[in-house]
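Right, I'll just put the structure down here and ask away after.
Chain naming follows the written order as A, B, C and D, and within any one chain the residues start at number 1.
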Amino acid sequence: MTMPNVISASFLLPKRPVRALVAATLALLSAALGSQAQEAPKLKIGIVTFLSGGAAGPFGIPARNAAELMVEAINNGTVPAPYNSKGIAGALIQTVVIDEAGGTTKQVTEYRNLVQRENVDLVIGYISSGDCLAVAPVTEELKKLTIFFDCGTPRIFEDASYTYLFRTGPHGTMDNVAAARYLAETAPQAKSIAGLNQNYAWGQDSWADFRLSMQALKPGISIVTEQFPKLGAGQYGAEISALLVGKPDILHTSFWGADLEGFVLQARARGVFDARKVLLSAGEPAIFRLGAQIPDGTIIGARGTHGLFAKPSALNDWFRKAYYDRFATPPIYASYKMAIAFLGVKAAYEKAAAGTGKVPTQEAVIKAFEFLEFETPSGKIRMALGKGHQAIGDNAIGTYKFDKAAGQPTFVDVKYYAAECVNPPEGVKSEAWIKSGFKGAKCN
Amino acid sequence: MRGPAVAIGLPFLLFCGLIAAGFLMPGWLRFITLIALAKGLVVLSLMLLMRAGLVSFGQGLYYGLGAYAAGLGVNLLKVTEALALLALGVAVAGAVAWVLGFLLTRYREIFFAMLSLAFSMILYGLLVKSSALGSTDGFNLPTPTFLGFAFAGTAARHALFVLTASVAFAAALLLHRYLGSTRGYLGEAIRENEIRVEYLGASVRGALHVKYVLSAALAGAGGALTAVATGHIDPDLAYWTTSGEFVFVAILSGTGSVAAPFLGSFVFEMIRTYAFAYSPNTWQMVVGATMLLVIIFMPGGLWSLFRRRPRLVTRS
Amino acid sequence: MSTPILETRNLDKAFGAVIAAAAVNVRVEAQEIVGVIGANGAGKTTFVNMVTGYLTPDAGTILYRGRDITALPPREITRLGICRSFQIPQLFPGLTVLDNVLVALGIASSRRLGFWRALRSPARIESAERLLADYGLSEFRDRMITVLPQGVRKLLDIAMTTVGRPAIVLLDEPTSGISVEEKFPIMTTILDALRATEATIMFIEHDMEIVERHAARVVAFYDGRVIADGPTREVLTNADVRQYVIGAELHRRR
Amino acid sequence: MLTLVAILVDGVIYSSWLFIVSAGLTLIFGVMKILNIAHGGLYALGAYTAVSAIGSYFAGGYPPLASYALLLLVAVVVGLVFGLLIERGVLRLMYGRDEIVIVLVTYGVFLIIEDAIKVIWGASPYYASQPYGLLGRVQISGLAFSVYDLGLIALASVTGALLWWGLNRTRNGKLLLAVIHDREISAAMGVDVRRVFTVTFVIGAMLGALGGAFTAPTTSVVPSIGVELIVLAFAVVVIGGLGSIEGAAIGALVVGISRASSVHLLPEAELFVIYGVMSLVLAFRPQGLFRRVVARKI
């Protein structure tokens, strides 16, 4: 690594940044010296998640909370086995948290800052698929281990392959494939579908996956209307009327955050839920917030076996309780996904370090991470796709039921789908896979 | 005489200094400077319009067009030469501006601002609708070649920096020359009194049209360079908040000199990156407050710090 | 008979119910100095606006040296050699006096505007200074327009009108807004400067003494029509003119 | 036929909402020549305050129907407090500066409000939909509509009528119109323009907060609602003709009906409708629908 040349750069800078730069350099020097002295090694992790904008509330903040919890628990060694050793391969975690807002140019800049200025050892982050796509090539350029924990687009590892990049969250295809399978099984009489999705990549891709899956599973199903309101629109009166006029048997929406909540409130008031199956493919984060506002019978996904879909286990029980105790709210899927990323990192580091008693090199960690299988609160995650860099996991879909007595949201008729049933095999692109009628899918 | 020597020598020294600094800077700072230079071109393009009294809230249109032209140039036309991509961005932005210019040069003040915003949002909508272009996720660009040389890793970053700095300097110098010419100074005249300009025998719309196309070409260059530097493009480049940010930086910079946009752009990027790092939850507040303070205490923008004497009479 | 330098044929113009021009026929020969008189709203400025392209006549033709220039935009009419000054001085208020003149000279000096040639070339600054000297404005060279007194603005406005060495100059009330004591010397300055360029001159004026002193011929407007047109003495003694124009002027004075 | 009814009702409801949120913007522009981006912030403040107020109101078990009065109260209080704060604290320092500079000043204020909201309420969405569900739904041609939404039509009409009456039938309103018409002459004739500015800004702020307060029960409020709103409101007032209340009403109708038509007939075009309509209107009426081009006297 070359040292940043502080003296030559400093004349270009106003005073405050100079001080910060000097501070950063000192930190870097001390980190370098510290690791030489072999006392309490540190692992500096850059965390990138939405702290502002519409995605902060439903995803960004719960993810940051989970990161906070995991850092503390890992450093103290309070995570249940097999993660009960202190630190990551003996190194204590330090974090730098960055807001994911501001667009891709900004995020590429901040990623470079994390690696080159803050000198982090690895980066965990990114909810927006656009940010993931933009940052991915930079991980190669800067040769820095980077974990995408949430973003959904399958394009990352389907269009390219990476050495330093891993994604511990399954990509978005399985959300809608599982949902379509669920509906095909539980609502066989349905003859028409309609879509209401936000007009951006996530909404468009979700609807395309769902529509193609439904058409593959139930050939001849008709499409009543495909609505794409603007992201953040907030008012859905006309869209709801269009749905009421069209009378679809199934309504698919991948809405999230305030848009989802606003839509549920407005749609419920106008009886959209009364005569049809409504699928909220990313609805899980809203259930604790909306409670009884979501009508019973609504079909909800959590983008994996997270949250209420996570099966009881020592890890899951610990995670739910620790999270609830600390933040007074149950963890939602973004929290689970952040926790999974941390556990994946810990598992990979410790596999690489096995027996050496030293913090492993990045190369060793990468080697250990590829095709890794590790236990998480959401069950087993396997780095099976993208030459061992892209995770797959099981998925679950359930029907919502609000337990009035307990004042708690619950799911009934939950169906679990094995990872191989809802994810394409290695080397097959998602869209082609769905169109082929899920060729090679292994369902039980 | 001292004047001409300074006029030629100082920019040249600055340029050499910047290139040298580019090689010595740490990578992150080089990247921020690079982005600041590329965005500085867009701010420069706004300055050109502002001098003629027009404020565009839709410069993201040309920033986005330049970026997408470069991006599609690599991925569709398989052009790999950075200079060719830059030319492509400039040409596409300029061509679109030439067409839209026939309509937009009829508008002034807030109507010009809003109509340009509308056009940028139509581009944004088209890009969001284009799933072939990745919708809001956008797509990636591979590292281009520079004058036929394929650099990799750090060498490519250096080459990109030299390219961007050269383009920025060339653009600034040419624009400086232009602004001092009759054609260029017509902007100020138009801002002050269009009727007189027409009655002196010059075409106001014609002059504005030329400025509008030039401005779009500069913004297109900024977009193409940003795209190549970031390696990724998405429709946010054309979103109105992006355009708003450019207007903000233009006001922050001041319109006193062609160097001001680059200085302002760099200061803005630094403020924002440190606000991101040290105040991740309230960085918008830091940016907003900075803006208010600059507007209140530095009416001429940051550039006023460099003016030797204050203006004696300000406009009412 | 030679082709007049400027001729209007049956110009009509109405603003709603207000008739601003009705069958206006005026012929002007080269190098004439014509005074235009008429009460407010009589159609004098409308006439100038139509001739210089600011307004398009509802009907009729405007000929310049026999060429139809009706409905050409102001800049083209200016380029042909018809220039005008304004009742309300049309200047560049945020610029200095020198810059105002430089812009005017810059535009006038080349058909195709230079992209690269500097506006402030030494030669152009010199001619700007000469022009300012001609109009007695040298002392204001570096002032902003916003701080200038009205009379200076008027003069500068006219100075800028004449930079292109026009063949015809139309002056719209050159002395309005100027104090009585200043009027005569200012008008003399203007006409002296203009005569040197051998331009044809039409000026709108309310002060009959000034008209009498400087105009060889007078055109009188009333209600959008030309009610008298001829040698100055004749028109000013015309009964209609005395009743509708001069009477009104006397009334206005008081 | 059913679609036509739906387009009309949806369109008018949406237009009413648009009018409420953009009336304040056009009023402020008309009088002060300020394009107030902070309007989005006032809208957001109104919405957040309303959600908090409604939440504690219903938790307190007070009569549900009076909650609508509470929404009004919220609008008045938020408008008064923040309107005064912004006008007296910031804008007053800026009068006489370039129009575009003031636009950016209001943008700065907007950014500050956004983060202030995040500091106070956090980044999570909030909702308080009790007033929304309270009135139930009605069937129009077999389509269910929310009575609250239909109530927005009434609210918009009343707001519009009050503004019209206030401007055209009261002394102070006429003063305001005089300032809209010609600021210099009004000042010369002894109108206290500064006071008129303060009053206008506060009323405009109240209208912004009113929009927020009455939107809050229908949806979930997040820190970004202000950004989403502001461009929409700009489009409406520009289409209508900046500074004209009638224009804002017509602009809202044009946008509302166009958007509803697009949703029902051509959903792919929804994203373009507003900007398409704006470009079209401006291409043919460069000053918007309700502003005359005045030839300059020379």
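The rule we apply is simple: a residue touches a chain if its C-beta (ideal position, glycine included) is under 8 Å from a C-beta of that chain, and two chains touch if they have at least 3 such contacts.
All values reported here derive from a predicted model rather than from experimental measurement.
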Core chain by centroid distance, with centroids computed from Cα atoms only: B
Which of A-B and B-C has more C-beta contact pairs: A-B
Approximate Å spacing (C-alpha centroids) for the pair chain A, chain C: 75
Chain B and chain C, separation of their C-alpha mean positions in angstrom: 43
Inter-chain centre distance, chain C versus chain D - centres from mean C-alpha coordinates, in Å: 49
Length of the line joining the C-alpha centres of chain A and chain B, rounded to whole Å: 35
Multi-partner residues of chain B (at least 2 other chains): 128-129, 195, 281, 283-284, 316
Junction residues of chain C - those touching two or more other chains: 54, 90
Residue numbers of chain D (touch at least two other chains): 114-115, 118, 227, 268, 271, 298
Chain B - residues contacting chain C, complex: 177-178, 180-186, 188-189, 191-193, 195-203, 207, 312-313, 315-316
Complex contact set, residues of chain A against chain B: 4-6, 8-9, 12-14, 16-17, 20-21, 51-52, 96-99, 102-106, 108-110, 112-113, 115-118, 129-130, 133-134, 136-138, 141-142, 153, 155, 160, 199-202, 204-205, 208
Contacting residues of chain D [partner chain B, same complex]: 35, 90, 93-94, 96-97, 99-101, 104-105, 107-112, 114-116, 118-119, 227, 231, 234-235, 238, 242, 268, 271-272, 275-276, 278-279, 282-283, 286-288, 296, 298
Of all residues in chain B, those that touch chain A in their complex: 20-21, 24-29, 31-33, 35, 128-129, 131, 134-140, 142, 153, 157, 226, 230-234, 236-237, 242, 267, 269-270, 272-274, 276-278, 280-281, 283-284
Residue ranges of chain D in contact with chain A within the complex: 2-3, 6-7, 9-11, 13-14, 17, 114-115, 118, 122-125, 127, 129, 132-133, 137, 143-146, 148-149, 215, 218-225, 227-228, 259-260, 263-264, 267-268, 270-271
